[in-house]
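Shared chain: chain A. Partners: chain B in the first complex, chain C in the second.
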Partner chain A sequence: MRPLQATALACQRLPRIYWALFLLVLAGLVSTPQFGTAANLANVLEQSATLAILALGQAAVIAGGMIDLSVGQLVGLITVVACMLFEAYPAMSLPIIAVCLGLAAFVGLVNGELVNRLRMSPLILTFGMLSILQGAIFMLTDRSVGQAPPVMTFLANGRIAGIPASLLLVAAIAVGAWYLLQRSVFGWHLLAIGNSAESARKAGLNLASRTRTAFVLSGLCAGIAGLLVAGRLGTGFPNAGSGLELDSIVAVVLGGTLLKGGRVSVAGILGAVLFLGVLSNILNLLQVPAFTQIVVKGLIVIAAILVDRPREAAAA
Partner chain B sequence: MTTSVQSFPRTLRLPSLDRAAVWIVLVVLVLLAGLVSDAFFKLNYLTNLVRQAAPVGITAVGVTFVMLLRGVDLSVGAIVSMSAVVCALVMGGKVDNLWLGIAAAIACGSAVGLANGLLIAYGKGSAFILTLGMSIVVYGLVQMGTGGTARGIVSPGFRETLNGRIGGVLPVLVICLLLAVAVGIFLQSRTRFGRNAYLIGANPDAARLAGLPVSRVTVVAYMVSGFFAALGGLALLARTGVSGTNPGAGMEFDVLAAVVLGGTTFSGGRGGVGGTFAGVLVLIIALNLANVAGLPFAAQLAVKGAIIIAASAAYSWIGRRGGGLGRE
Partner chain C sequence: MTMPLLQTRALTRRFPGVVALANVDFAADGGEVHAVCGANGAGKSTLMNVLSGTILPSSGSVSVAGQEVSFASPADARAAGVSIVYQEFSSIPELTVADNIYLGREFHGPLHTVDRRAAVRAAGVLLERHGIALDANAMVGSLGVADRQLVELARALSTDARILILDEPTAVLSIAEQEKLFGVIRSLREKGLLVLYISHRLEEIFEIADRVSVMRDGALVATRAKADLTETELVRLMTGREVSAPHPPEPIPAGSRTVLTLSGLATDGSAVELRQGEILGLAGLVGAGRTSIAHRIVGLRPRSGFTAALDGAPLPDDPARVLEAGVVYMTEDRKRDGIFGPLAITSNATAAALKRFSSAGFLRLRRERAAAGEMLRGLRLVAASLDTPIASLSGGNQQKVLFARALMTAPRVLICDEPTRGVDVGAKEEIYGVLRRLAGEGVAIIVISSELNEVLALSHRIAVVRDGRITATMDNAGLDEHSLTVAATGVALRSAQG
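Showing the complex of A and B:
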């Protein structure tokens, strides 16, 4: 009985999105034979890596009741900068990666500092930053430039012992995010701030410090995602990140994290990213026209948020 | 019941500096623009500027009501696109179809708003994600409808009338924008719907307990948002003359920025259409300043971002009252 009870408990605790994912995978297996092949499944995982990393970073900000709209363009900026730098200095792959991650973290730091010092809505601030980063990208280039360092190409497409390298990267980041957001003091404080910034302040928490860290984490994740995108594309495409900020928010929310802050689930986010990846994969395999796919994607987003309702209401 | 309803608006009107903040920012920006460009204070230039603001401004009027209710409507960009495309398709270049096209566009926009409202009021999902999903659906439907290429021609007279100037001076679209703002201000301050929107936004739980029709007001607010977005789409169509396939892309963010700049924050219950109008002007002048300064497109994007941040920061600095976190 013990294992059974344990399983039941685990199922109860499993974020709801996994039920949808389960049903979707079943549907995929039934509807098209190509879906279940190892090559295809590995492909889905690889394709989902960028969004997973981006969403985990976004989760840190959302957990604290804020939002980061700048991550999409930050991905684009890092992609372009990394490829341009590598073309100019082909021998310096690792320093270039370090510079890119530093730049991304710095943009996050600027976001966090500005939210703290200007006391403004993170949504408006990061929306402004979105525009600034977009401008920065187009000042650098308006077409694909440079070349991705082989390290990044390997990270995006390579295998270690048969496992996609990007999957290992996501796993490492997910464990880090899980620890930081759901097990560390930083995470508790962040969730407390997300629940009620006013109460958290009265309880003596250092809001400014937590806010700054959350945005730096988000920027850093966007940097890693940008490097991954550069690796996948092989070149610096200026529009590589547009729209990704919204995808990341959708993934975070579908995964059961409250948009108003105060609750976060790393496992849920991973499930939501997989759900979105599998969905688009199945639609592609079934050769559903692109525009129809867009409609289906939108309907799924709506349906998923409605299904998630009772739990959200209970938690609220 | 009566006393609470009567006393509440009074506390809402109290923070005068709060409301004035966006206007102060606007005046500063206008002066700045006057310094940068000699042409700025010419009548033609000013009216042209406000005409440019019409699509975003008209749309922002509707979104203000949703934001008053602590909601948000990210689908307005897609509704603007849909409205322009549907109108051009229905018109088909024929004079006879002029009003049919306009009516079809407005009906479509209001229908999407109704769907948003019903899903949010009775589905109780996050408005941010629901309207985002709706925008994806509407965008997809528009693309399916056009097949990905610009189709549909506006009726003769449509663009000539709406994009023209009365007496060669006052652009018709400016009048449309002012009308939309006037209707918005009437709705918010003279109707039961407007009063309920403020009360529910200020404290939804208390409003529910007091027996206010929270769900109904929510549905109406999103419908109003869809309705004004459809009008915004018509204004955009009048300005450009061609529908394209996705002319409203990204407009939801401009609208959102304008509304928040105008003092209607995400916490609901505060702000209003007047502030939104000022917010729209701030946004448009900011963009125009970057343009007048002769900056390349890329630099303009960066400046636009910086100005949005600076204006919003200035606003929150002016409007801050005692120990508020200013996060929302």
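Showing the complex of A and C:
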């Protein structure tokens, strides 16, 4: 293959959201001098880490043609549980992290098993789980509680060789997600199921096992995101995860993954998370009032998805 | 005598309300093409689904090469050497030919990754060896139906199957493609494979099969060598009785006017006219385009290529306005686009005529209920209550409710697509009675049916459909199942060659 062709192909494969990101960054550089500073850009990256991890987990479920609405409240639960446990057992940071990740994976497992066994729509089922988790959080506490272990604070705010630790964590998870969803047999089967569950069943794929694994991955990512949030806030805030489930879905879809399943792009998701992060950063720097920001964010998300639609229509 | 390659004993499969397979003892050998034929609903597809692991039998056993097997999934069946090519496509349009062929049996690279290049190489070799002209890198969604069929075949071949099941493989193929397929099938037979060939095109069966098994009402009624079988005999076995002309329908009342005129639909250029009180049967093979004609008449699809006129005035394009004009279509697929499953019987019956039961934007529930009750009593609906969800009714009773929905609109033209599909024998006769009564009241009716005896029992005239066009129209006098079968297949073949 000649170099020119290779370049053309790479451009073609670059998820479209990067063009929007590029334009947005240009707009940021033009509109406010603070935007381009290294400190600000590092800040954007750090703030985007939680959503990136959550969206990568959500992507596994969406790739298979399903959805997981429970991840936001799962983030909240893990945040609260981790901080409460650390306050009670300050010497046990690492076991607490293990317990929290195990709990998050278990919630994912329950989601997957219930979808499989009750043959329920994942939308309804995980909405039920959202409600259950939200209730559980407020049964534990109705205010900020406990304290985050230092390991988690470091993960959220610390640097390794000058690079934000959270960024390294996101990079590791992204590589894992890219391998699992875009290279491994598991991901291949998941995408086939997302394209056509009936065809996949006829081809002899194990739908139940793939579904279960996808939800466990989503739960696990929510767990990691929850630990990160606890580290950032330093304490267990019961509302920490509210609304994150929708943000994660928006990031997945903005990144060029089909909401109906069957196609996934880890690079696209990372681009979409950055797009959302840069957007709210610029709005903050321009001192746009918070509620106006929410409206602007909504409008831009709708516009971005409209622009991306021809590709989806062509695939349908 | 050696052990048959494939054998079933007392194989039975029940579905709620239906015995789809009843004590089937079936045997077939390697190196033969074994046709399995029967009317629609005879149990062919159920048998093949059991043999390919898609559904479990209720009782009975299956053995391959003398070994009893139990297939819990298609993967089990494939491991035992049984592969199926489905009638409806099961390939994934968004993947390439190679990806589809090896879906579920991917080539692995390092770290359990999917090696798509290896799949492309293997697919290339496979396609080449069997003389199938397909690009392994092509997206399946970009292929025509015939090529998609070949993808399915290639997928089945790629498993090194000993037993290959082809379910109506030629339904969508042209003559040239069909010959190519037959070439592949013959070479498979020479390699010692058992090819189970499901079809109801008699000519094909006589061309390709070595032996023929006939199914009827879920039972296996006969297995014969092709040499011991004539077409007449085969039709008799399929239908279960001596072929005789069924009693003719009541004559059309004298002086009835033309209601519906379809111009440009017949291949000879003439207009097809439907009179008050007349029943026109549309006969043709599955996939011939009968349903497409019905959809185009009522505006569910663009009416390209022909015009439809009611009382001389062109029919509107919008389906809702066609319905208002008095032309009603009853679907062939009740479950998918007929019933509103969770809704009550009443709501289902009145869905197309709500205007009649509303004033100032409010539904008059009592009036709605009274009208539905009266209409359904007339159709002899059997149900505990009119508030029951329609999904809980039997197929026959669901169909009666859909008849009620159609009749509520006081139709002038009624198009029934497979009116007795999935309906038991008793309800079938009642539905025939309803159709005859409506015709007697002056409604013009088009009946689409894959059951030839149904078309013969109901129609005044019969139109043969091929490729979405009407290739011949005949008076239903002196026709029997045999001559109609020859017309549907023979006429079709000749017109396709010409």
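The rule is simple: the second predicted complex is superposed on the first by the 311 of 316 C-alpha atoms of A that agree within 3 Å, B and C clash if a C-alpha of one lies under 4 Å from a C-alpha of the other, contacts with A are read in each partner's own complex, and residues count from 1 in each chain.
Just so we're on the same page, a residue touches a chain if its C-beta (ideal position, glycine included) is under 8 Å from a C-beta of that chain, and two chains touch if they have at least 3 such contacts.
In this text the structure is predicted, and so the values were computed from the model without any measurement.
Q: For A:123 in the superposed arrangement: first (chain B), second (chain C), both or neither?
A: It touches chain B, and chain C stays clear.
Q: Is A:205 touching the first partner chain B, the second partner chain C, both, or neither of them?
A: In the superposed model, A:205 contacts chain C only, not chain B.
Q: Just chain B (first), just chain C (second), both, or neither: which does A:302 touch?
A: Touch status of A:302: first partner only.
Q: By residue count, is chain A touched more by chain B or by chain C?
A: B
Q: Where does A:66 make contact in the superposed view: on chain B (first), on chain C (second), on both, or on neither?
A: first
Q: Tell me the contact category for A:185 with respect to chain B and chain C: first, second, both or neither.
A: second
Q: Regarding the shared-chain residue A:259, is it in contact with chain B (first), chain C (second), both, or neither?
A: Once the two structures are laid over each other on A, A:259 reaches chain B alone.
Q: Now for A:114: first (chain B), second (chain C), both, or neither, which partner does it touch?
A: So A:114 only meets chain B here.
Q: Given the touch rule stated above, what does A:226 touch, chain B (first), chain C (second), both, or neither?
A: In the superposition, A:226 touches no partner, neither chain B nor chain C.
Q: Tell me the contact category for A:268 with respect to chain B and chain C: first, second, both or neither.
A: neither
Q: Check chain A for residues that touch chain B in one structure and chain C in the other, and list them.
A: Touching chain B in the first complex and chain C in the second, residues 198, 201 of chain A appear in both lists.
Q: Provide the residue numbers of chain A that touch chain C in the complex, in ascending order.
A: Per the touch definition, chain A meets chain C at residues 179, 183-189, 192, 195-196, 198-205, 262-263, 315.
Q: Could you list, by residue number, the parts of chain B that touch chain A in their complex?
A: 119, 123-126, 128-130, 132-141, 143-144, 148, 253, 256-257, 260-261, 265-266, 296-309, 312-313, 316-317, 320, 324-328
Q: State the interface residues of chain C toward chain A in the complex, per the touch definition above.
A: 54, 73-75, 78, 86, 90-95, 103-104, 106, 108, 111-114
Q: Touching chain B in the complex: which residues of chain A?
A: Residues 65-66, 114-115, 118-125, 127-139, 142, 197-198, 201, 207, 246, 249-250, 253-254, 259, 289-302, 305-306, 308-309, 312-313.
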